[in-house]
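Shared between the two complexes below is subunit A, which has subunit B as its partner in the first and subunit C in the second.
== the complex of A and B ==
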């Protein structure tokens, strides 16, 4: 198991390099020019050329990428690089890039934890109810509801909630703020909707699979009540893939809260990112996108390793030398999900 | 895969032979009432989108009629077209610029349908080709392509799309690239996994024995056998592509007003939720109904194409 975990951690290095490379290349292609943003549009060509040289923008692409990773030396525009958590200051707000990221990230974490908790609290019981009465009216109703949840645009759902709960009923604020617990209600509901649908479908399919197995029949034959069979025997095993999916969802919630945060004007990392994109603030975009991608990768890695710890069958499979490609768990989980 | 293949789950060949297999497939698909209804919904939307100009003039739905701003559904207002003054009934009301919401939804449907199909086609072709290369050739191809896929999957999809649009600039074509790029890894995975499961089976070996070329084997023999999961995935993806496009447009990174698109209509409605909720509900419902329909069709297709999976 340790060997497996160590290999997965080592695999992280090329993946993270690749992620930063993609994000950096995309920003490199951006038509906006940081030197022009700093100088404004009235600068002389000479001052402009000087500024490009000062910022290191006249260097070749690969050199700039290495600067981005491991630092750039300059009295005014220097920074220590992404590897050391320092990308200098934003060109637009002049704030330290990582200070802004680190101060807003906990807000996103609060939202994501709330959303995941709600998604599990509703998704798992509903999935179990569906699975114990497969193809009944109740099951069909929940299935359609789950599909509806997955088909609804997040931003639209958020606005409908705002209209009813903030504008019509005046019960909840339309703007969210981490210091006001009540104001978190609407963004958490919004954010959890998609995950709720996925967790519900996953619980249902996983329960259906488990309920068909022999040991469940054995438990019933022993004379155990249906409740006990479902709760103690079936659910425990059925929850393993659900926990994995929930973990992966957590990563998605951290990275995908962009729309929710934007609509509720919530000061999370998603808002920071979108604002940076609007303002063409290259260091801030690079910093926040890479930061989120790295967190996302780490969460997924953690989930994969935990999956092995929770389910002893996977541990033995790994120990017996079965090769497992990174991300295979995700593929398997999704396959299972799509299979119903 | 194989047992289902012999019972009419290969729509490509079924179409070629026409008749019997297609009828059998349709009988299975139409047993699913929700999926059949959804297919009807999609067909209606598609024909409305195709005939958008017959219902509403594009110039009319993109030009401001400020006198009519925020007219409620079913109210009428005077519309100026050049010199002419016309009385127009706004079936779904008017938006903040007095533009007909129904007209904008109808023209927006055209945009959404085009985006949905084109992005899926782009992702299917590029992801399919890469997946086939990885699965069929294996070795170095496999390693490189799959590592790249892992890297792409490590960036949350919405971030990837946002970053691509931000980098390449705000245009229709770049929006297509951004959306299809986020779907490519899915196709690479599906095609690669399916090819690996079928490529060592006897019928492929037999084809190789009679001297068929690699491309012939992949296209003529293997592709037909992995069509089912691809068709299902593509149907579901059309729905999510429409959802992505509207999300990006909502953020101001996709199709910008005055061009009608469901996402940017909602983005404009956002400021006026309190005064004019009707500007909010109709475009949102259009998205929900369309995406839901594609999801239900995808479900129905999965059951109809692969009866093994049912129950």
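== the complex of A and C ==
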């Protein structure tokens, strides 16, 4: 199990290389110039050229990428590189890049956990109810709600919530911050809506699938009541794909709550990323993206380990290293890509 | 002897929006206490549906018992309330399914899968039910120490032993065995079958053995019922049916078997296919394939004729006397 986890963590390296290379290239290709951002628009051409040289921006593209990975030596703009966990300082705020990320990330985690917990707490039971009465009125109603939830744009839904609960009713604040639990209600609901719909649909289809299995018939033939059949025999089996989906959702929530955080002016990593992009703050953008990629991969690893806890077949497969555990399609695809 | 199971004029349909599958069409059967009845017929003859009907487990909402009575120890199964039916299932009537690979829950230890039946019906505390599970495993030839293992750690034959252990855990009066060895290797088939028949004798269980293997019937059963298109076309003791098969379909089944005593190059299969259960022929269901069918066979449904307990549903045997044999 440890060996397996270690292997998965090592796979972070190609993932990060791929992600950073893409983002770095994009930043390189955008017309913005960090030297100009630092100096402002009134600098002389000579000072401007000097600044470009100081920041290493006059070097070729690959050299700059290598700087980013393994460090850049300069008394003012130097840093030790991604490999050593140092991306220097933000061009705009002059704060250390990872410091800002680490201070905002816990805020995002709070939102993500809240949203996922809400999504699971509602999505799974509703999915089960739907699956045990397929095509009934109840099922239809839930299906329509789930479709709404999955297709409603986040920004619009957030606006509606703010309008009702903050503007009209005045019950909940429209601006969220981590020190006020009540203010988290609206962003958590906003954020969880999508995951809730997906988890519910997944639970439903997975339950329907499992309820058709022979072992469910066996359980019924034993004379077990329908409740026990559903809870003990069906639900656990049905949850396996739901866990995959929930894990992926959690990864998204941790990295991609950009819209929600922005709308509720919440100081999470999504907000930081957006601000950094507005300000063309290259080190901060790269730092945030790398961080999110790392978190996403680790969450996936965690999900795969969770499988072993729920499914004995996977535990033995993982322990003996014979078979791949499911749910690591991304890592596998990347692995294949880098082998070729 | 009193019949433990008596099915009369059972009709089961599976319907969808477009069509109705007539799976069982007026089937009548009875099984004496402590006996083994072999139910033979092609795939799609309605054998499994018949067994599921006895447990009132025909899959709803598509499947439905349309009419007929099923008496288990004189009680009408169809009149029982759902919770009463659940008392019968697993305790008085147990069922073994065809495919052991899928019949066990992959996430629950085999010991628990046996123990939960015992707990359900005998109200034993957890420890006692687990001990019983161990005993049942030993009984089917698996060390009790393996009760903490999961199904994927067992081979197909051992899984079927576990399935049998589950079925027999509460010492049921009636066992419905739906092709219990079809999914197994031939060598394993013999072992499992032998073990099963020993246990059946030991517990005095009455059994409906569904199979399409006539050899299994000859070795293990007391009575045979041949099913075709949802009805029993011939019924009798193994001696009667094997010694003197009467219905052309039964004769056809024997013709499809290799005979070791005679030199022959080819088997004689029954020509044609089972009729489409959504569109059964008028008259005798077997008439389109029957080598001896007459005009009457195509127009008129045959009724049962009986002679010394040997029952045949065929116009050739009307009124107890044999015609044209």
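Keep this in mind: the second predicted complex is superposed on the first by the 297 of 340 C-alpha atoms of A that agree within 3 Å, B and C clash if a C-alpha of one lies under 4 Å from a C-alpha of the other, contacts with A are read in each partner's own complex, and residues count from 1 in each chain.
We adopt the following convention: a contact is a pair of C-beta atoms (placed from the backbone, for glycine too) under 8 Å apart; a residue touches a chain by one contact, two chains touch by 3 or more.
Only a predicted model underlies this, so the values are computations on that prediction, with no experimental measurement involved.
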- Message: Should subunit B and subunit C be called a clash or a fit once both complexes are overlaid on subunit A?
- Response: fit
- Return first, second, both or neither, reflecting whether A:152 touches subunit B, subunit C, both chains, or no partner chain. first
- From the CA centre of subunit A, what is the angle out to the CA centres of subunit B and subunit C, nearest 10°? 80
- Query: Looking at the overlay, does A:252 come into contact with subunit B only (first), subunit C only (second), both, or neither?
  - Reply: first
- Query: What is the minimum C-alpha distance, in Å, between subunit B and subunit C after the two complexes are superposed on chain A?
  - Reply: 12
- Message: Going by the contact rule set out above, which residues of subunit A touch subunit C in the complex?
- Response: 213-215, 217-225, 232-233, 236-237, 310-313, 316
- Message: Can you tell me which positions in subunit A touch subunit B when the two form their complex?
- Response: 14-16, 18-19, 22-23, 26-27, 29-31, 144, 147-148, 150-156, 159-160, 162-163, 167, 251-252, 255-256, 258-259, 262-263, 273-274, 277-278, 285, 289, 292-293, 296-297, 300, 325-327, 330-331, 338-340
- Would you tell me which residues of subunit C are touching subunit A in their complex? 55, 57, 83, 86-91, 94-95, 97, 99, 102-108, 113, 116-117, 120-121, 150, 152-153, 163, 166
- Which residues of subunit B touch subunit A in the complex? 34, 146-148, 150-159, 162-164, 166-169, 189, 193, 232-233, 236, 239, 243, 246-247, 250-253, 263, 266, 269-270, 273-274, 277, 280-281, 283-284, 287-288, 291-292, 295-296, 299, 302, 309
